[in-house]
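Below, each structure is written out as structure tokens.
Consider the two complexes below, in which subunit A is the common component and subunit B and subunit C are the respective partners.
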Partner chain A sequence: MKILDIALKDLTQSFRSLFAVGMMFAAPLLITGLIYFAFGGLAGGEGGNDLPDLNIVIVNHDRPTGDNPRLGELLVGYLQEESMPDWLVAREMQDETTARAAVDQREAGVALIVPADFSDALLSADHPASLTLVQDPTLSIGPAVLADLVRLFVDGISGARIASEVISEQVQQAGVAVNSADLQDATAAYAAWYAELQRNLHHSGQPILAVRRPAAGGQASEDPIKTILGATMAGMVIFFNFFTGASAAQSILREQEEGTLARLFTTPAPRALILLGKFSAVFVMVLVQAVVLLAASALIFGINWGRPATVALLVSSLSLASTGFGILLLSGMQSLRQSGPVIGGVISGMGMMGGLFTAGMANLPKAFNTVTLFVPQGWAMRGWKLALAGAAPAEVLLTVLVLAGMGLAFFAIGAALFRRRLA
Partner chain B sequence: MRSIELALKDIKQILRDKKSLLFLVLMPLVFTLFMGFAYGQMSQPEDPRLVVGWINLDEGGTLSTALRADLERSEVLRLEETTAEQAGQLVQNGKLAAVLTIPAGFSEKNLDGEVIYLDLLADRATSSGSMAEQAIRAAVVRALSASETARLAADLIHSGGAAVDTATLQQAAEAASRAWAAPALGFTIEKAQGDSQNTAPAGDNPFNQASPGMIVQFAVFGLINSAMLLVLERQNGCLPRLLTTSMSRAEVIAGHLLAMFAVSFLQGLILVLAGQFVFEADYLRQPLATLIVLSALALWAASLGMLIGTLAKGEDQVILYAMAGMFLFSALGGAWFPLEGVGRTFAAIGRWMPSAHAMTGFQNILIRGQGTNSVLLPAAVLLAWAAGCFGLAVWRFQKED
Partner chain C sequence: MKTETNAIEVNGLRKNFGKLEAVRGVSFTVQPGEIFSLLGPNGAGKSTTISMLAGLLEPTAGDAAISGYSVKDEPTAAKTALGVVPQEIALYPDLSAYENLMFWGKMYGLRGVELRRRAAEILEMTGLADRQKDRIGTFSGGMKRRVNIGAALLHHPRVVIMDEPTVGIDPQSRRHILDSVKALNQQGMTVLYTTHYMEEAEELSDHIAIMDHGQIIAIGTYAELIQLIGEQTRMDLTVNTDPDIAVRAWENLPGVSKVSRENGAIQTLVQDSNAALPRLFEAASQANVRITGVNIREPNLEAVFLHLTGRALRD
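And now, the complex of A and B:
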């Protein structure tokens, strides 16, 4: 019962502290909330993209020769069409210098310069038409999307030219005599077919290129933002769990410095029991923190953490690991003052090594994934990623055993060091 | 002069504490290295093209062959053979951006004028799925265009009295596909260089994001030390004693602010120099501009530190407020990730943040290659924020007993 009393006392003291509660619950939820706020609107619905506005300025120098159509003007009109994405805002400018200055002064993200021979080049096969894109070098997404849209426009023009040339060539090769009216009719038929194809691809309920979404199997999230959020929140749970474990273990140092620990040791309760009470408080605190954060993030962000049994195993082993590590870390500290920066530095460093701050990022090198296995945080992250993907308990067993083993080992060494120091 | 003495006292107190070095210098450097490494791996993978699965049940078909050749010329994606059984899992896991399945008889039936449906497995809600879909759609249009061109040619030949067979159609389709292979459009992409004399691109270094990002983030975090002094002074009775001396409140405030500014500026300077000489972020190409941004950032951080110092009732609250400030300002200001890639509302709010203007100032120098004029507006915004925070801090301080 004394263990319970000591543990309850420590728990009450901790939960009364605004700082402790802030670091345990508010900080991880705040960080994940910021990520959710930042990227949450980007994948709303089918192909929905709520990107910040990209201002484009277009300078049209196109001067087609002869009867060639003014394709430069058509391009400007195309980019200003209502069917363009909302975030693409295109306007025309008269001269290149002003357009470039607009990009320099960040009034526009991209300046599109249409050369004088744009129409002529597109309509002949002699050399490709060339457009100049002057872009803000800090941007990458918007200019790439603009380039794709322009290529789409150009494909439409090229298709008609290719159709006209190839039909004419094939007819000649077949030795058939046709007049120019027939060729024009064929080109017009091509243009009508092309328009119908575009309607089919973009507005039909049965497009020729049918896009299917992969079926979500098991617990895998259909929403990619939730996938990123899940990984980010897992990183935050692990980071702040280890932070809380170490901060909670500080109570031993605090009591030692304040003299209350020495007074506790004068009571009939054995020292081992007193220390066990304190260690139990640490364990309960990190356990409660993990459970609350998982529940809160599931409610607030809709994160599906996976199968309950898998989650229970991971929560338990994570709590063991963070408790054990916190006790080990503090057992080496000489004073409370020293412990603050050490906790901050060590936990942050191990968090980085464990991949907690890059949890939502893809394309990290394989070597980095290997490095993460040197720290318990890396194993914890691995386990949570499996849980988020819907893994069964058996699939996370190795991770759970490693984490629990590390936790027990850390605890054993830390407890031994504390007992020796307080003897 | 007494303010300067007070400031010197504060600075000595901060620098005497070895843990200050950890939070002020070591942690930002380690984080810069780490984040620069992570950004660099993400933005320059060995082959940045999306991987798209290819299932062709129309082996040897004219159109499927042309479609494959077109996709293999793509700068956006590259093809990888896969099977129908694995397709769903691979797309779901993100190993493939999409899987395109060409049904049996695609070429023959299409040339005969039948409508044949292609199956594309992709998650449009992801940027990779969406980009893959766009690139594949464009290639499919070109392939179908070649088919339609062949049919129109065949119709004309037939109407001219000549015989038309499968070989005629295939030949015409191949001719059209060859014509499509010659690019109709080229892009010259220039990155705006401003008034820089440097003709080399100023971007393409991941530390151009990571270095200023960490300078901004840890400018806020670093004020823990200075704000802590104010709180400790209040707690141990030094501040009330100071206020009984002939030093005016204004002098006390000035002294503390000067110390906070000096520490923040020194931290920023060390990180700028580390950025310059270790991470190859060329701050010194515009030293005056860098100095202006650094000074304005330090002044804002110092004012924020003053405000936190007057609001916090204890050490724990200083850390809590400083960390909350760090997270909010860093995320909203584009220190963690560029605001280009976030949602519209987030970006709109973020652009008002002083941290966003600090990032703009630094990136005008590092990436846009611009000069001193380009940092004046960002610095002015930072100073306005500094004035606001300082005003609030003074108001709180005046209420001290």
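And now, the complex of A and C:
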């Protein structure tokens, strides 16, 4: 009963501190909210990719030789088609200087310069074709999407060229005369079909091909932006959970400095029980924080955290790990003043090592992924990524056991150090 | 070790911190219902002795008993019989006065209706019933002190230890605390009171133990301690020059048993003030020292301390 009394007293004190409540709940939601504000429209479910408008100016110098088609004109027409995203607005300009000036003056986001030998180079295997993109350096996603679209177009043309050569060869081998006009039409049709297919697959809200991941368990494929948001929020939950664990454990130092800990030791309550009461408060705080953050982020950002049983296991083991680590960290501190900077530095450093701040990035080096497993944050991130992908409880069992084991080990060492210090 | 009759029994208590002997074999007994003071300068070992009795520190050697319960072998029972008022305010500033009392009452095993009743009684006793819902952090120093004392009394302890409760507070609050101690004692509570203020020990105590350098150097009632210096009189003198010159001139004079300086004044113990005063003046004159003030005091505990240690109580 006294354990509960002490824990409740600590929880009451903590939740009366505006700063503590702010750091526990407001800060992680605010940070993720900022990211959502920047990218969150992309995670909307109405089929549109709501990027800010990107004005493109195209300077077409393409002068194909012989019978080569005017691929430069084709490219301009491709970018001005109605099927292109609404946010992409393309217009032609006559000269490169004016186009570059438009970008400098922010009248356009990107200037696309098509060289004179564009068609010839693209249709020839002798030398590569090149296009120049001059972009506003403050933009990133829009120009990247444009570059992707142009690349698709070029791939389509290259594919069509190869396809026409193959068709021509096979038709000739079959003894059928090849009509160059028909061949050109077939090539153009192939190129148009290919470009449209790629545009649909990568830049449409309703692609004709849905890729399902094996662990998804029947869930539809996730919007990539939502996946990034989920991983980012997971990183925030883990980071702030460890931060809260350590901050809550500071209450032991605070009581020591204020004299209430000594007073507690003069009461009939055994010291072990007093410490256990304080440690319990830390655990409850981190547990409540994790639950609130997960629920709030699901409501606000639409993040699907995965199967309830998996989530429950991860929340429990994460809370154990962050509580145990907080107690261990504080057991080595001599004063409140010392603990502040140490907590910030250690938790941030471990967060970086654990990959919390690169959570939304894919294809990180294997060595980095290995390093993340040296800290509990890395294991937690691993577990949450699995959960977000719809993993079953059995699939996160190793992660849960490692986290719980780390937490209990940290707790045992920290508690022993505290008992010796306060003896 | 069980002794049924004594409220506190201390036998050969020792505490070493490394090579430092903070408490060197302290022994004393406190009868039920009395106020017992531990008097001594800062660093004498009073707080260390109290900490061992309260269960904060483990004795290096020796033992003590609170209401018959050994602090080493039966700490829980000993602590249940004891209320401790720490020197510094030890309350939670973010909790209200009522919440603090409720919490500390629970730590002493009180629950439910009884706890609520006792908390209400303490709030009435301390005159803070109308501020019970206010956070301790908003209280004045004197108000905090009252709650600090009240928290130690919730569980009706048989013995209360008060560790220098009047240090650093205003005279009015100090008066209030001293009156509270007497009131508690009149209700039958045994009080162990530590202080370095002689006048507090003199006013409150049935028995006084004078402590210095980790040892008890004298113990008894006020009258018994005063008898230690016999008929000696204490005279405090001020001079117009470096007091050390006067100290050297007087320390070997006949009829002068002790000379020491405290801040700018010189304290002497003399057999006969009428006979000693002319000698003091003559010796001062020979040393080119002019006496600017003389204060003849009745024998008191400061004089006793000076007699026993050669130092002033507040050196």
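Assume the second predicted complex is superposed on the first by the 243 of 423 C-alpha atoms of A that agree within 3 Å, B and C clash if a C-alpha of one lies under 4 Å from a C-alpha of the other, contacts with A are read in each partner's own complex, and residues count from 1 in each chain.
FYI, a contact is a pair of C-beta atoms (placed from the backbone, for glycine too) under 8 Å apart; a residue touches a chain by one contact, two chains touch by 3 or more.
Quick caveat, the model's predicted, so the values are computed rather than measured.
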item	value
Which superposed partner A:N369 touches (first subunit B, second subunit C, both, neither)	neither
Partner chain in contact with A:L139 - subunit B first, subunit C second, else both or neither	first
Partner chain(s) touched by A:Q170 [first = subunit B, second = subunit C, both, neither]	first
Partner with the higher number of touched subunit A residues, subunit C or subunit B	B
Which superposed partner A:L209 touches (first subunit B, second subunit C, both, neither)	first
Which of subunit B and subunit C A:Q13 touches, first, second, both or neither	second
Which of subunit B and subunit C A:S124 touches, first, second, both or neither	neither
First (subunit B), second (subunit C), both or neither touched by A:T98	neither
Doubly contacted subunit A residues - partners subunit C and subunit B	17
Residues on subunit A engaged by subunit B in the complex (per definition of touch)	17-20, 22-23, 26-27, 30-31, 34-35, 37-43, 45-53, 87, 100, 103-104, 106, 122, 125, 128-143, 147-148, 150-152, 154-155, 157-159, 161-163, 165-167, 169-171, 174-178, 182-183, 186, 189-190, 193-194, 197, 201, 206, 208-217, 220, 222-224, 338, 340-341, 344-345, 348-349, 352, 357-358, 361-365, 368
Interface residues, subunit B side, partner subunit A - complex	19, 22-23, 26-27, 30-31, 34-35, 38, 41-42, 45, 87-89, 91-92, 94, 115-127, 130, 133-138, 140-142, 144-145, 148-150, 152-157, 159-162, 168, 171-172, 175-176, 179-180, 182-192, 194, 201-203, 314, 316-317, 319-320, 323-324, 327-328, 331-332, 337-348, 360, 363, 367-370, 374
Contacting residues of subunit A [partner subunit C, same complex]	1-2, 5, 9, 12-13, 16-17, 258-260, 262-270, 423
Subunit A contact footprint on subunit C (complex, rising order)	54-56, 58, 76-77, 79-80, 82, 84, 86, 88-95, 99, 103-104, 106-109, 151
